[in-house]
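Structure first, then comments.
Here the chain labels run A, B, C and D in written order, and each chain numbers its own residues starting at 1.
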Amino acid sequence: MENNPYKPEIAVIEKIREETTGPRAIKTFTVSFQDEKVKKSFTYKSGQTAMLSVFGKGECMICITSTPTKKGFLEFSVMLQGKVTSALHALKVGDTIGVRGPYGNDFPLDKWKGKNLLFIGGGIGQAPLRSVYLNALDNRKDYGDITLIYGARTLSDLAYKEEMFELEKRDDVNVFLCLDWKFGKDGIIDEEAEEGWVTINRKEPAKTKPRKGTSRFTGFVPEVVTAVKPSPENAIAVSCGPPIMIKYAVANLKTLGFKDDQIYTTLEMRMKCGIGKCGRCNIGSIYVCKDGPVFSMSQLEKIPKEY
Amino acid sequence: MTSSNSFKAENFVIKKEDVAQFLKGLSDYTIYAPVQEEDTVLFKVIQNPDKIALHITNTVKSPKFVVLPQTETMLKVTKGKENSIKIDEPVLDEKNILFGIRPCDARGIAILDKVFSGDYKDPYYVKRRANTIMIGLACTDPHRNCFCTSVGGAPDSTDGLDMLWTDIGDLYFVTVLTKKGMKLVKETVIFSKATSENTRVMNKVHKTAHEKITEKLNADALPKKLENLFEDKYWDEVSMKCLGCGSCTYLCPTCYCFDINDIEYRDKVKRVRTWDSCQFSSYTIHTSGHNPRPNKENRMRNRVYHKYKYHHDNYNELGCVGCGRCITYCPVDMNLKATIKELAEK
Amino acid sequence: MSDIEGNIQAKAKKLLKDGTIKYFIGYENGSDPLHTTPCFIKKAEDVDKIVWNPLCVNNLAGYLTHDKKRELKKGEEEDKKPIGILVKGCDSKSLVQLLSEHRIEKDEVIIFGVPCDGVIDPKKLEKVLKDKNLSVNTIDSLTIQHDGKNYTVKVNGKKYSFPKDKIEMSKCSDCTQPNPIISDETFGEKVKKSDKKDYKTVEEIEALPLAKRWKFWSDQFAKCIRCSACRNVCPVCYCKECVVDSADLVITPQTTSSEKANKMPWLEKNVDPAENMFFHLTRMMHMAGRCINCGECERACPMNIPLSLLTKKLEKEVKEMFDYEAGIDVEAKPLLSIFEEDDPGDFIK
Amino acid sequence: MSFEPNIVAFLCKWCSSAGADLAGVSRLEYKPNVIPIQVKCSGRVNPLYILKALKEGADGVLVSGCHPGDCHYVKGNMYARRRFAILRKLLEYIGIEPERFQVSWISASEGTKFAQVIDEVTESIRALGPQKKLTKVGFDE
């Protein structure tokens, strides 16, 4: 059968990086296609997704977290969640999986040229953002200020740690990391533990003064947004993470003057086909698998609140 | 894929007693036709043409399963040594004829044609569809729950068909609509050119059928109306008696939602596509446990919206052909016609 | 309008008016004159819709558990008032079963009981009318009355008489429980139906040789499209998560990934003989000692699979082996959570 | 090639498994067609397990537990007995050979009985031939 969109290509796992551990552990898989032809022809854009197969267990839709500016491999960050993700986590380097895609729309990086970019991520929500900011950083001269705000529950829940710490050292990107809680020895919440992570002014986050360029906080992501005070002037904000985080982060952005069409996020839905046929990922007349996952807030305003 | 525009329709007649001979001459094809077994009429593979039941208004299950089977193997996966994986696709070269399909069901398949083509072509459907010839039988005795004329169809609609046959007494009037259909006529000698008298009778039969469908619903108003009814209390009220079973969607000629699962048996793996229903809660539930459509009112609303708004938004036609199956076979007598009426009046 | 119908309406009106019940579940006229359909009356002024006649086939008891499965909307508060419900004799058995399993409690429901002299099978009615050249399409009005051994059916003003067994639901012919077992108010006079259950249809199958039995059932189940109508219409199939859906259904955010990953896919979605058989056998095992043979599954099946041949078999065996009958006693313990020392065990080596 | 049946045996931990062990240490010979699965109690065996085993291609299923009155959990086997009685009737009714699903009480001291039951079950299922009725379809080649 020619051009069968349901037929996955075989890819080999080249590297597995354990980002976080625990019941909702995250692993980043670096995979590359077995077939050299596919390796060359597989192109994607930042924000797009791919359907991963563990044969015998099923498929699941995972966003591509690597940047299309780096060729020859794909990276997927997978959080332990259900049947297929558990099977993925059980795989070793050298094992094979099926990959089909890429699916969906992308972040309009071309349109954003010349603008200041603000990325607000929480937990596994950083995965789709990573493809975008790595892409933008590889084309650094095309964009204005690039600011990353990334939060996780604790230090050990912070994904892409080493990479984030490297980015903190760079001058051309502002990195603000935050943790919900700091844990001291014996796993007890300890505000004094882990040096350098400044506890945010919970009552009036705006009064917290971040250092220019980089800062580490203890506090919630939306509070950090208020503390950092990004300017809405010529800016685009992208927010991915748990729904509750997005809700308040977006509210705080709006207080700062951001408009709906300046704020982007991604949606997720249960998916099976990935190509807008099987029906289940619809929100109104759009299918998240092929018309999403990237939406601006002004687009979300127009569709039913059924996600 | 549907009737090609370049073909000019041609009219023939065939004697009723010659139909069996016509079908026997089509031995290259697998012929599906309505068959009555006890009280249930279904499309089945025909070995003996005498068994065909063309007198009934319509089958319980729509014949969409010929082009979109309820269960089909998409891929067979063989795991070899050292992580090698071999993926086999099925060969789909069986040639099918759907004989005696009603115009509403043929329109249903014409609607599916658009869904499964488009940006991404579904090769399984497209292949099966290309290998299927549809011989329609004009409807002469519409059921009480039929409302095809309200949703853009007609008892003699030719959408999706290769031939349309009409019962005109001792003869069937045969309108050949496509080259694919013409091939069948050319291959046999039992067809003769229709006379003007034949045509006159055929037109009269069609007219009578039209007249039998007296009720006209304002379904065309729905795509616009529904824009503002998403949060309406109506959905809570109307869905109260819904059981959340899938009989309406499984019998429907235009429902096409499906599920893909891997099935293991010892060391073998098959990736299988099966029908799925938006009326099941497992249809949308996320792995996290969150369900965007947790209740039956959400799911019923989605079914109606999909047919009368979402499908219209995407394909500029209603996603319903008015066959009335969902009313006739609903265990609790949910009445879609009444729903359309009530919504149109809101 | 019969007295019974009027009295039901009046009582429902009173309870709705004084706010005793949140809604009343009864019957109203259906999509055509051959059908009635369940209705949910929330306002006192709507009680005129309620009808009671031999076309009221549905078993409404199952609806009592629907509210408990609903996820509340944002800001919505649960209405804890009882539900008013109309039950026939057989339906009351389902209700008793639900009460005995504590799926609902007695104070959550106000029961309107109606003694029932049999209900009509719309499929059969359509057939006999067709034989009289009356197509459903041309019927504008239809009323049915019990008339001793017959039903008098008045169609478009003209009267016809049909013997009971020709148009009645098959479950009614050997009904031993025409009067509601439990009710807060009973409408109408008590009626007497059968003294003994009739298992002739089951015995006919039992008498077939093994290979023929298999042929019969595999042919029947080959028709199944797994729409779940039989399960969902069943008044005692109330689980929020059904074991046959467990291939990928997860119920709470607390379910761990390993629980989800290791969930046994008991049943695949494939429609094939093995899976269909598995579905129906599983359903039957879960029905043992709980099914009261209301015949709803058979009625709901669009493919006309004779499911009551299974449920009746179950009822027969449960009665013969354990002298147990479901839906009789609110205090009864479930069949499979009790045992007797002398339970049959000859099959055990 | 002669037909060798695949039989799944659910053995209770306290009696029947121990019985199997005794058969083993006593060097008793019995048919190798049984795949034993240890369960805590025969009362733990859901009828679904039996149906699933048949669906996954078992030619027969044996469930074995303690004798009545000997159950480690006092009455687990008594509940099981009721369930299995119904399941057997149902299987028979739809046309499955009753020998496909067998039950036996085997105590920890009955090594000989264990070997004997396994042989009997194996032979009775061998006589029936392969079980295809409830097995997953579409995988034969």
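Definition applied: a residue touches a chain if its C-beta (ideal position, glycine included) is under 8 Å from a C-beta of that chain, and two chains touch if they have at least 3 such contacts.
Given the structure is predicted, the values throughout are model-derived calculations rather than measurements.
Visitor: Contact counts by the stated rule: is the higher one at A-C or C-D?
Guide: Output for the comparison: C-D.
Visitor: Just how far, in Å, is the C-alpha centre of chain C from the one of chain A?
Guide: 50
Visitor: Please report how many Å separate the Cα centroid of chain C from that of chain D, as a whole number.
Guide: 36
Visitor: Taking the mean of the C-alpha atoms as each chain's centre, how many Å separate chain A from chain B?
Guide: 42
Visitor: Check each residue of chain D and list the ones that touch at least two other chains.
Guide: Correct list: 136, 138.
Visitor: What parts of chain A, by residue number, touch at least two of the other chains?
Guide: Chain A, residues with two or more chain partners: 58, 81-83, 85.
Visitor: Could you tell me which residues belong to chain B and also touch two or more other chains?
Guide: Where chain B meets two or more other chains at a single residue, that happens at 259, 261, 263, 276, 285, 287-288.
Visitor: Hey, which chains are touching each other here?
Guide: Here the touching pairs of chains are A-B, A-C, B-C, B-D, C-D.
Visitor: So in the complex, which bits of chain B are touching chain D?
Guide: That would be residues 73, 263, 265-266, 268, 270 of chain B.
Visitor: Taking the complex as given, what residues does chain A use to touch chain B?
Guide: Residue positions touching the partner: 1-8, 10, 12, 53, 55-60, 81-83, 85, 94-96, 98, 268-270, 272-273, 275-280, 282-285, 290, 304, 306-307.
Visitor: For a test of understanding, state which residues of chain D touch chain C in their complex under the given definition.
Guide: Against chain C, the touching part of chain D is residues 47-48, 51-52, 55, 68, 75, 78-79, 81-98, 102-105, 117, 120, 133-138.
Visitor: Inside the complex, what are the residues of chain C that reach chain A?
Guide: 248, 250, 256-258, 260-261, 263
Visitor: Spell out the residues on chain B that touch chain C in their complex, using ranges where they run on.
Guide: 38-40, 42, 60-61, 70-71, 141-145, 212, 237, 240-241, 243-247, 249-251, 259, 261, 263, 272, 274-277, 280-282, 285, 287-291, 294-296, 327, 329, 331-335, 337-338
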